[in-house]
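Report on the structure given below.
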Amino acid sequence: MTQEYTPKHFKVTFPADRPYVAHVEINRAEKMNSFIEIMWLEMGQLFDRLSEDPNVRAIVLSGSGDKAFTTGLDVKAASQGAVLSAEETPQDAARKATAFRRHIAEFQGCITAVERCEKPVIVAMHGYSFGLAIDLSTAADVRLCSRDVKFSVKEVDIGIAADIGTLSRLPKVVGSFGWVKEVALTARVFGADEALRVGFVNGVYENKQETVSAALGMASLIASKSPVAVQGTKEILNFSRDHSVQDGLRYTGVWNGAALQTKDVAAALLSGIQKRKPTFEKL
Amino acid sequence: MTQEYTPKHFKVTFPADRPYVAHVEINRAEKMNSFIEIMWLEMGQLFDRLSEDPNVRAIVLSGSGDKAFTTGLDVKAASQGAVLSAEETPQDAARKATAFRRHIAEFQGCITAVERCEKPVIVAMHGYSFGLAIDLSTAADVRLCSRDVKFSVKEVDIGIAADIGTLSRLPKVVGSFGWVKEVALTARVFGADEALRVGFVNGVYENKQETVSAALGMASLIASKSPVAVQGTKEILNFSRDHSVQDGLRYTGVWNGAALQTKDVAAALLSGIQKRKPTFEKL
Amino acid sequence: MTQEYTPKHFKVTFPADRPYVAHVEINRAEKMNSFIEIMWLEMGQLFDRLSEDPNVRAIVLSGSGDKAFTTGLDVKAASQGAVLSAEETPQDAARKATAFRRHIAEFQGCITAVERCEKPVIVAMHGYSFGLAIDLSTAADVRLCSRDVKFSVKEVDIGIAADIGTLSRLPKVVGSFGWVKEVALTARVFGADEALRVGFVNGVYENKQETVSAALGMASLIASKSPVAVQGTKEILNFSRDHSVQDGLRYTGVWNGAALQTKDVAAALLSGIQKRKPTFEKL
Amino acid sequence: MTQEYTPKHFKVTFPADRPYVAHVEINRAEKMNSFIEIMWLEMGQLFDRLSEDPNVRAIVLSGSGDKAFTTGLDVKAASQGAVLSAEETPQDAARKATAFRRHIAEFQGCITAVERCEKPVIVAMHGYSFGLAIDLSTAADVRLCSRDVKFSVKEVDIGIAADIGTLSRLPKVVGSFGWVKEVALTARVFGADEALRVGFVNGVYENKQETVSAALGMASLIASKSPVAVQGTKEILNFSRDHSVQDGLRYTGVWNGAALQTKDVAAALLSGIQKRKPTFEKL
Amino acid sequence: MTQEYTPKHFKVTFPADRPYVAHVEINRAEKMNSFIEIMWLEMGQLFDRLSEDPNVRAIVLSGSGDKAFTTGLDVKAASQGAVLSAEETPQDAARKATAFRRHIAEFQGCITAVERCEKPVIVAMHGYSFGLAIDLSTAADVRLCSRDVKFSVKEVDIGIAADIGTLSRLPKVVGSFGWVKEVALTARVFGADEALRVGFVNGVYENKQETVSAALGMASLIASKSPVAVQGTKEILNFSRDHSVQDGLRYTGVWNGAALQTKDVAAALLSGIQKRKPTFEKL
Amino acid sequence: MTQEYTPKHFKVTFPADRPYVAHVEINRAEKMNSFIEIMWLEMGQLFDRLSEDPNVRAIVLSGSGDKAFTTGLDVKAASQGAVLSAEETPQDAARKATAFRRHIAEFQGCITAVERCEKPVIVAMHGYSFGLAIDLSTAADVRLCSRDVKFSVKEVDIGIAADIGTLSRLPKVVGSFGWVKEVALTARVFGADEALRVGFVNGVYENKQETVSAALGMASLIASKSPVAVQGTKEILNFSRDHSVQDGLRYTGVWNGAALQTKDVAAALLSGIQKRKPTFEKL
């Protein structure tokens, strides 16, 4: 029996023809899917739940509407919110810094929920994909986009260094550090072809619908594999990104000490011989 | 006087026209060069010896036969072997995990022998290059392939997270982390062009013969340089991959404190002026 | 009032039409801009001063003359210099190693001045760009080049492992570790197209003039942004390159605790609404 | 106005004569303050709230009753609980491992709440202080104990390696690694004198009451200082423990860039001159 | 059935009254147990075998004879050996450095075998315990000594920086970094009381016999516990020493995912209730 | 021929009876040796020069006058200085933070000069040793003190978290992290006995004169050893403090590859046999 997910600003569906795949849509199209504070709290909780939901093996994240995956933070709403208005309080600069730091840490944690989610997350981007869109997507595992996408590490244009993930993750997601520096320092818009060439996205599709469809296809493919193998693969890759090769190997050995005891290995081998689709227990 | 190498499942030759180059071939073509346990033990010992052999300055690794560099682990043999059958013993899960962990660590060490080998290793891949082929090649320094190559990070398809190197090394060998995640999570086959585009291989050649020939050519070129400079370059690059830039610089300074005292610098400079090939002492 | 910079071997100008942009030219064209010892000491001091000059927000580094960005170390001068001739002293090998190590550390520090410079540095390369040219450029933020450029990690050809930065930084600047190994181990020359394809440079231009012009244009664009945001972005990206994502996020939160208190955010937002160019206070 | 804290298994008080000091008591004396699952969830939430409560500047943690600070996990309750009984489900070993890993991570997070709490935590221990007592106390900043205390890293005696903090934190809390290994490998009980000698506790007091009183005294002293200085000190010490000295210095510089702008510096200096107690704004 | 161990320079016994305890004695009393090259190769192999021997759960290491645990390297023999005499070959300094580095790495690996041994190693030291004695003992888990012991980090007195472990491990074994620096820089002899005070040893005993007896007693105690718990405890403590607390916790969770599935937990709990000695399966 | 050192606020002498020992005294007794800005710049330059002076093999640092080693920053002078008065400029908080950060980094660099000095530094402390005294001494290798010493990590009392080294180095200098936290969070004064007990100092002497004398004695002893061995020992210990054991061992092997080629080994061995004092070449 599938759990119910009813966040207010996200739509969560389970496509009938795609077992074990969850589709999360940012659901504020009327505001270009821009984020208000409640939304990233919801998003953090949502991915923490999906992470342990045994009926979910892969997740697609996309934006509702035609115009934008997300234009990023809803700056207008934010400027009326608690944090920025806090600037007007008579607190000294050290106290304001503490308030900002706490706020940033909480916001970062919500984005990191996508990375720490045990199941692979494939993000399908289209239209405006600015600021937070980049932060969010670099926390995901695979990025796909439509031909009309407009990417920008926009933060520098509003006077801030991006602080919820892009600057920490983008250099580890893309090979060319010079390119990362350029787009982060200039905030210039770049499109699908450039994103593919530098390795930011894995594939470019004709339009939003085909992008989402391709993402769901990849999610289905992953969801058809052993969840023990898939979740181990994501975890070990993320651990290895941040550690030496020697540490990565040591961690892998400990991880697989348990994981190799799964019945999925036998199931996978047998179904390989029998040329049929294996069935794996929930995880 | 050249040492003799007589591993049972590898062929080691020293092409007469290519001084200081060793050519190692996986020699089990009748089984698509798939690996049985004895083979990776042999391979580990082989590369540990080559590492200190003063007559060797660069190494090419390729697979015998037309069909495959290697299809990876010989699953059939493995399933009859000690480790997997150990699953049937009445040991509890913690004890089985210990057995697996020890086994993985030993296997990893054999693959790591290629990385810790002091001499550069160029791998020439063709045909099926699945699973272990990827683990092995990421421990090498340079990867070349033929047009007909079929790569796959295959492990997820048999229910396991790759545990002998691919997941720890591939993210550090290739720039696009999204691409690494996709091929590791889906096990989909990819070919020569894609491998070149993402930077997994350095060059694509018409067929196996030309690939091996190109690898031998690159090995010869490297073997014609100062072995002090070449071995220092490999070591410092590998150290730097796993450390901060500041640590890399510090390590380099210590390394070169001794290395710069070589007579090779004078020999190289002089032969540069005299437009002739320098000769370097053994190392 | 702009500070004056009068290093002997560099030309420092402040293009009138490009506010806050400094243009540094290596100024020894008669020797292909090759470096003698005094030059890298001058360069280190120069970038340390530019780093704190409030009238500078972005820097372009290029080489004077038509033939070369720089051919690297002036080997002839070096071979007459103190360090190499030190080899002839009767000191034992351990003492010579100490002398070399101190010398390397000092040299490295001068190159690192480009990286630790708080302002983004865009390097425009043309013609011969060998050895030190690569070390220097990897310490910069963005690399551009002209179509006629000839790159080479040349050190291995003179019997040494590159020791002032290339081997520690190049693997973190470019995605393909195999490509890095190949060019560092073979010293082969590579050109503009290859450099663009592997992500070593961000763009290729018709000739030196256009390259420098493009670099100045990018520097101007960056200099028009909030210096608080720009300098924060450079710092956090460099920190993140060498740390785990979790450490990067933590550092970012602390950094932005102060940086978000800048008036630049309001200035940027307001000028965005008013469709005019913002003005930012000096930093 | 002070917030209200009403966890079920902890008593939270604010001693009237000790401004800004919170006193948290484990409140299950009838079961020797042993922990059931709900308790560590409560504890995590409690410390996360205290961390941001502007009326709290230092915290004392102690156990209610005469017999024990805590005897650790309530093994009897645990053995009836969800996790251990999960062992009887027909899941394979890999799936069980996942369940355990998720459970451990959640439990660890609750203990880590004491470490990440921005305010210093002083723990006053007496009587039985086994297992979880050690995990918990190593996450605190200062440990005090009464003469009758009985410490034991007890986990090895019930067949497990301590997994919620002791093994990761104790080697960084105490200087002698050999002593840490001995007490962790043998589970032998050690007393107050030994704990003081090896640096595990900062002070030994006659009985529980005097220990708590001393802890409250130290908390009061800390609470009388600038909260900007105190919280910065805790944070930088914790960061430095896990990083190189160079990284610690860099982080400190960024932290104090904002913190030095506090009015507390002037307040502290002035009251020093005037020989009176300074007043600091809330944080 | 117990394996047989017949190294030439070590005596390996299994005290009948101490199940699962191995006693290794350095067996060259006629030369003060000083080490010749073959000995540390033997020692490395010995501990690698003990590490996986299911009949061994704890190990005591001591020296034969009355005078010395070991006086360290047999300098006389070494000065006639291959490595030092290599100094007379006409190789340049860079090539000699390579030979030394390989040699040191091999030697270090033999000492590290004591650290990577999965079973706890308790070292009992008496009499002269110079140079290598310190290297060796810091790779062990617990150090005990007799009242007559004479310790010295002796290497600086023969013109070398200790290079097989002391300088890397001693700062992590003992709390006072200043004390470590003093004894390493001065090579002064220190005795049992000082060693106890600074935390280098866990206990001091009247004479060699009592020291060995105490070591065997501690080994017996450890060997009576669950081997799953004991070996996990050693491994996690060693991992945590070299990593951040957060990394230590993450590693612990993965490790215990498998380890908690052992039957030893039930056996330990049950025997605790029944007040009898538990029996644990081999590992 | 000895170099001359004429800093304004430090006295540098070379005791005639103590070859190769430099004695540096903080020379502002009339102000309790408190530091003004020019002093730490002088100090940084001084130790950078001593580091490479071949006539110096060990250094003693002490304070002139009877009352204090140093009372720390001259707060009165500082409050009139550029940085603190900068607080009154109309710069925004982000720009002020940049000014502070640059200032802290420069100050830290001067203190770090003591740590990066290649020769061991022994600090002899007496009387008031507050604030900066602790920062400075933790950057030294060995700390000695007189019975009348009064230590305090004083910074928290003036509203700041210590930012020039204490918080990053003290946890790595002393074993008990709880003790470090207590003294840093409370700023309480502690004396010689406590400092000895926790391992902060290596020895306590009757008065200032005897402390300095003991420091000079230890410096003489160290200066009588091979400078190759001594400087290698300091460097490897410092490197190992901040890295894993495995990294420490690797670095050691590279370091000693050159260092073992010194003639000092033969000189030391020979003079050992001949029972006479060895002579070592300058370094």
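Order of writing sets the chain letters: A, B, C, D, E and F. Residues in each chain are counted from 1.
As a working rule, a residue touches a chain if its C-beta (ideal position, glycine included) is under 8 Å from a C-beta of that chain, and two chains touch if they have at least 3 such contacts.
The structure presented is a predicted model; accordingly, all values stated were derived computationally and were not measured.
In terms of residue-numbered contacts, C-F and A-D present the same interface, as over half of their contact pairs agree; the other options in A-D, A-E or D-F do not.
More C-beta pairs in contact connect the chains of A-D than those of the other pair, out of C-E and A-D. Chain centres here are Cα means. That of chain A falls 48 Å from that of chain F. Once the centre of each chain is set as its mean CA position, chain E and chain F turn out to be 33 Å apart. Across the assembly, chain A contributes 93, 96-98, 172, 174-176, 198-199, 228, 241, 243, 246, 250, 254-255, 257-262, 264 as residues in contact with two or more other chains. Across the complex, chain F is touched by residues 52, 91-95, 97-98, 102, 228, 231, 258-264, 281-283 of chain C. Those residues of chain E whose C-beta lies close enough to touch chain A in the complex are 239, 243, 247, 250-251, 254-255, 257-258, 261.
If you check the complex, the residues on chain B that touch chain D are 93, 96-97, 246.
For chain F in complex with chain E, the touching residues are 120, 141-143, 172-176, 198-202, 218, 221-222, 225-226, 228-230, 232-237, 240-241, 244-246, 248-250, 252-262, 264-269, 272, 280. By the touch criterion stated above, chain E contacts chain F in their complex at residues 75, 79, 87, 93, 96-98, 100-101, 104-105, 108, 112, 115, 155-163, 165, 167-169, 171-172, 174-182, 184-188, 198-199, 241-243.
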